[in-house]
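Chains here go by letter, A, B, C and D, matching the order in which they are written, and residues are numbered from 1 within each.
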Amino acid sequence: MINVGIIGGSGYTGVELLRLLLPRNDVHVSFISSRANADTRVDAMFSSLRGFTDLSFSDPENIVASDCDLVFFATPNGTAMNQAPALLKQGVKVVDLSADYRIKDVAVWEKWYGMTHTSPELIDQAVYGLPEIHRAQVASANLVANPGCYPTTVQLGFMPLLENDLVDAGSLIADAKSGVTGAGRGANVATLLAEAGDNFKAYGVAGHRHLPEIEQGLNQMTSQDVSLTFAPHLLPMIRGIHSTLYARLKKPTDLQALFEERYKDEFFVDVLPAGVFPETRSVRGTNMCRLSVCQPQDRDTVVVMSVEDNLVKGAAGQAVQNMNLMLGLDETAGLALPAMLP
Amino acid sequence: MINVGIIGGSGYTGVELLRLLLPRNDVHVSFISSRANADTRVDAMFSSLRGFTDLSFSDPENIVASDCDLVFFATPNGTAMNQAPALLKQGVKVVDLSADYRIKDVAVWEKWYGMTHTSPELIDQAVYGLPEIHRAQVASANLVANPGCYPTTVQLGFMPLLENDLVDAGSLIADAKSGVTGAGRGANVATLLAEAGDNFKAYGVAGHRHLPEIEQGLNQMTSQDVSLTFAPHLLPMIRGIHSTLYARLKKPTDLQALFEERYKDEFFVDVLPAGVFPETRSVRGTNMCRLSVCQPQDRDTVVVMSVEDNLVKGAAGQAVQNMNLMLGLDETAGLALPAMLP
Amino acid sequence: MINVGIIGGSGYTGVELLRLLLPRNDVHVSFISSRANADTRVDAMFSSLRGFTDLSFSDPENIVASDCDLVFFATPNGTAMNQAPALLKQGVKVVDLSADYRIKDVAVWEKWYGMTHTSPELIDQAVYGLPEIHRAQVASANLVANPGCYPTTVQLGFMPLLENDLVDAGSLIADAKSGVTGAGRGANVATLLAEAGDNFKAYGVAGHRHLPEIEQGLNQMTSQDVSLTFAPHLLPMIRGIHSTLYARLKKPTDLQALFEERYKDEFFVDVLPAGVFPETRSVRGTNMCRLSVCQPQDRDTVVVMSVEDNLVKGAAGQAVQNMNLMLGLDETAGLALPAMLP
Amino acid sequence: MINVGIIGGSGYTGVELLRLLLPRNDVHVSFISSRANADTRVDAMFSSLRGFTDLSFSDPENIVASDCDLVFFATPNGTAMNQAPALLKQGVKVVDLSADYRIKDVAVWEKWYGMTHTSPELIDQAVYGLPEIHRAQVASANLVANPGCYPTTVQLGFMPLLENDLVDAGSLIADAKSGVTGAGRGANVATLLAEAGDNFKAYGVAGHRHLPEIEQGLNQMTSQDVSLTFAPHLLPMIRGIHSTLYARLKKPTDLQALFEERYKDEFFVDVLPAGVFPETRSVRGTNMCRLSVCQPQDRDTVVVMSVEDNLVKGAAGQAVQNMNLMLGLDETAGLALPAMLP
């Protein structure tokens, strides 16, 4: 039996980790911490879990993580960088769902996140947990930086094009749309149903923290200098990200074959048949990313559509996928269920 | 030109008052106050109002209300009872959209609202602003207690039955459902789109503050002792209340004729044809209450369905209707537009 | 390996059966039929199932059901009554998700469904598939009439009260609210997002086909004559039913203890702690029914709140639960996963 | 009093025309036709209009349009081209909300719409009714081709950039998102709440009928050859279009000043302050288009965000704006109300 712990579990990624882990027979959740909700039963906050656990939230001061095989950080940015070092020294593997170890250039990280990094020495050994690129490194990692929600869809969508140097990397565009769970479970006027419901708008177009993370990833795929225009939008729905990607083709290619070939062995990336476009509900609750590629009017702009559930492949599901790899389990364990549709 | 002011205007009833008042040629909004948003342009917070006003929110300390003909309180409970007395002394009429003057029995009010009333001497002169019952008193009132959102639908729905002593008043049931704007514009986890969207639940069934207000109103309609079971629910939508009312008939009656006759002269109450049930969107953005009555299977339980827009007939619209009456204007001025459907 | 077939599988209950059955190792879906979609791949219509099946819809003329252990009818009313007799003769067990065998009095059925029943001789042997009442009979049945969506919530909610003769059965009220999947997947103006979204209304209050089904079930629980007022409403959401039930108490009782005791051994019925009310999302995608009971103001009206996912416990999930029982499997097989929340 | 008629009025643009026209004192709606709904009261189909009209839908065979000053076609494509010629000969002005007269090149129109045009001789005299470009021509026109919903947002958003030759017109991108009313009121599985709700997807990326209309309009603004990639998406909401536009800047410009100057005299186009992005609800129910422009990271891609209510500025509202101009009325008559927010 594998023992895992969850630090910072009262948000949406915390409950989502529990939804994915509690039904498993091979994994035991030892603790889930939340300072604000210490001693509250988890199923009193999330009634969906009634019957699946007797856990209460632990005060972070009282947790004993040393006998865990792996710990997830589902904390706000700036927490894991303080607590991960001690865990790693104790031999506990770490998957950090926050952004603390995603950016390799610490100066860039500090600029975008407005903090001084307290464990910069770990950044190099942290593996960026996008298994479709870094599977081998994840499997041998002790510390995995779980990718952001938008970055997962954008990187998987551009990857076949950039790896094969087929598009102009200097003028990429990602028009991304996310459900409101991307904003977390905090009390917030902007994501009230009365504000975000029956409404649609862009935000963060002038500069969003996921921009440097995405550009770092894309730069690793090509020798060109990458420049991305990234425009996130807020969808009036709960889960799901749809990224629509635009790039200028440099030469004619069989795009459909390219994408199918690139992802033919990837369980969690599904290239749709030509002419079929993905919809977010087709991945709701699952760890899938579904992709389509097309070339409208046979002109030189290629359009890629990429969908995921932001709480699963965009957060907790990918974290479990990484955990499976790090612990030598079947990569798809606990993650191979169809989406709930409708 | 009539001058009005709005105290406490940064919530949904405040912006709704502006939406209804700003296009009018006969009314001028002198000020709208909000301590937290003082000096912020109103249209910076509510972009829907761009082009219709140059007002900024005023600090409540700086407003001069004495030259207003009428002031609206769109404040939380417990504010109007402190500030209304001075305004009334200055000859300013007051419409209070909060609950401060709704309950005639001050002990009952203090129990349900958990405060000591600071101007109980005004409660008697305050007129309960449901024009369909108290039109004449409203017209001559200086202080109007604007009804709650649920109470408006429930009272209008039961009124014809109770006024004619047709049902057993001792076992009334109101199963009421409200859109989330009823909970206000405060930051609140429970009304996030991610929490309240795609979801439905009851709340406050064990005791809701609107219960004593409704029972007071119903008791004025009948010599029987009224006992009401009131079960409010939260709808995954923005605006609208639907109250489904149940009562036991004491004798056979032509219910359709009864309702049509009772409301035949009421502009804002619309009795639908027999067999047609009301939908909330048919009153969206308007001051209408639409009603249906039926007697399933010809048994002895009568069912009344009553819908309104909780922010209009349930709050700001009824407040304007009361203002119109108090100032001798046409009761429907500024309120006679069709609903936006779809 | 158990072989099952699905007749009439292109609607929401069909795809939901597949979602629940395809991941199982102990069950094999031999065929799924749909005349209109014959030869279309199932995952071309429901992209959520990509990767889980290579099935195409079969023409009903071409299916071979005789080697199935069990066949589900997910057809419109009036189909199973024609085809079930032949299957039963071949030794194939049948779970009918339509209404054909739910009503014991064939005259009542014919009146409400507007058809002549073509296999009335089977009605007697058909077991009404609410396992919480008829578990033993289901286990030995060859033909199970799977309950309707509303009837499941209403019967489970009233059962403890009626079995113990605690309420006046002559004046029961069920105010029920359903998501739009209850109306099926047919093209229909009334359930367009542009019509049913951001809207709420009652329908069928004068007479709904689930009324006789519910009254039949409630009558079996008590020696009193049951009379129910049943008012269904359409919720602006996809899945979920919330029934709010009202009855007059005849004597004081510890209602919380009563409900907890009645359901203490039922895996799929969860009685919430006193004072906590159920929400539909807490059962989304699962076979659970969650219940609360309360007695507002200690008066004599008891209120029960009952939620389910209309496509699971209200249809496909309960059908699988019945299948499990009929085939001697663990009753919870394939059904013990937590709800997706948020 | 001005007399107008509406041909083909049972869809969303028909009821929206009525919502805008019925409250006016200067306009009388003589008839509204609908073959399928002939003799049905308009307010029986659209309960929002109860109290505002006694009209019933007319059979198209029975209408007398000759005494109308102006007739609106709210018909499917292919109807106006047959009926407009006779009306024009009778001296009746026409605003066609369908696509029949939008495309100047009849071969292009016939290719995209799959029909033979039956009155191509009128195409030249038809004025494309985007008043912000063609105000003078609209004012003197007898036949106005009302723009499509997407084309209005895209043309208004690109116009200042193209008119001043500031961007590369050969690689324009419009990532557009529309609420479901854009798909009309027909019974359709794809726009059921159960299908389109809580979901997001692209459609028509390979080729949408609005592409040639938009490119025609953009080509009139610049001497460059225009090439547009147009990707429409379906939003899980009722009303509203948000177009996010991308273009490569050819030289540095004060974009904010450019947009403000271009639209400073346009009542229905509102350029938001720098750094503020538009949201669809800010124009819900109104004839406004709100725009923002920004240049992320000071790179050479400019991003324009453009929102409208697809049924108002994208259809019925713009039709009324055109009517006002054609009949010499105040351009804003009946259209100057704030949006309903929330």
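Methods note: a contact is a pair of C-beta atoms (placed from the backbone, for glycine too) under 8 Å apart; a residue touches a chain by one contact, two chains touch by 3 or more.
Treat the numbers as computed from the prediction; the structure is a model and nothing was measured.
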Chain pair, C-D or A-D, that carries the greater number of C-beta contacts: A-D
Distance-maximising chain from chain C - centres being C-alpha averages: D
Cα-centroid distance, chain A relative to chain C, in whole angstrom: 36
Between chain A and chain D, centroid-to-centroid distance (C-alpha), Å: 39
Interchain centroid distance [CA atoms averaged], chain C/chain D, Å: 45
In chain C, residues with contacts to at least two other chains: 12, 181, 185, 194-195, 197-198, 236-239, 278-279, 281, 284, 342
Chain C to chain B touching residues, read off their complex: 171, 173, 175, 177, 194-195, 197-203, 205-207, 211, 227, 229-231, 233, 235-240, 242, 244, 246, 248, 275, 277-281, 284, 294, 296-297, 299-301, 303, 305, 307, 342
Chain C partner contacts - residues on chain D that touch it in the complex: 12, 179-181, 183, 185-189, 191-198, 236-238
Chain C - residues contacting chain A, complex: 12, 15, 18-19, 22-23, 46-52, 181, 185, 197-198, 238-239, 267, 270, 272, 276, 278-279, 281-286, 288, 290, 336-342
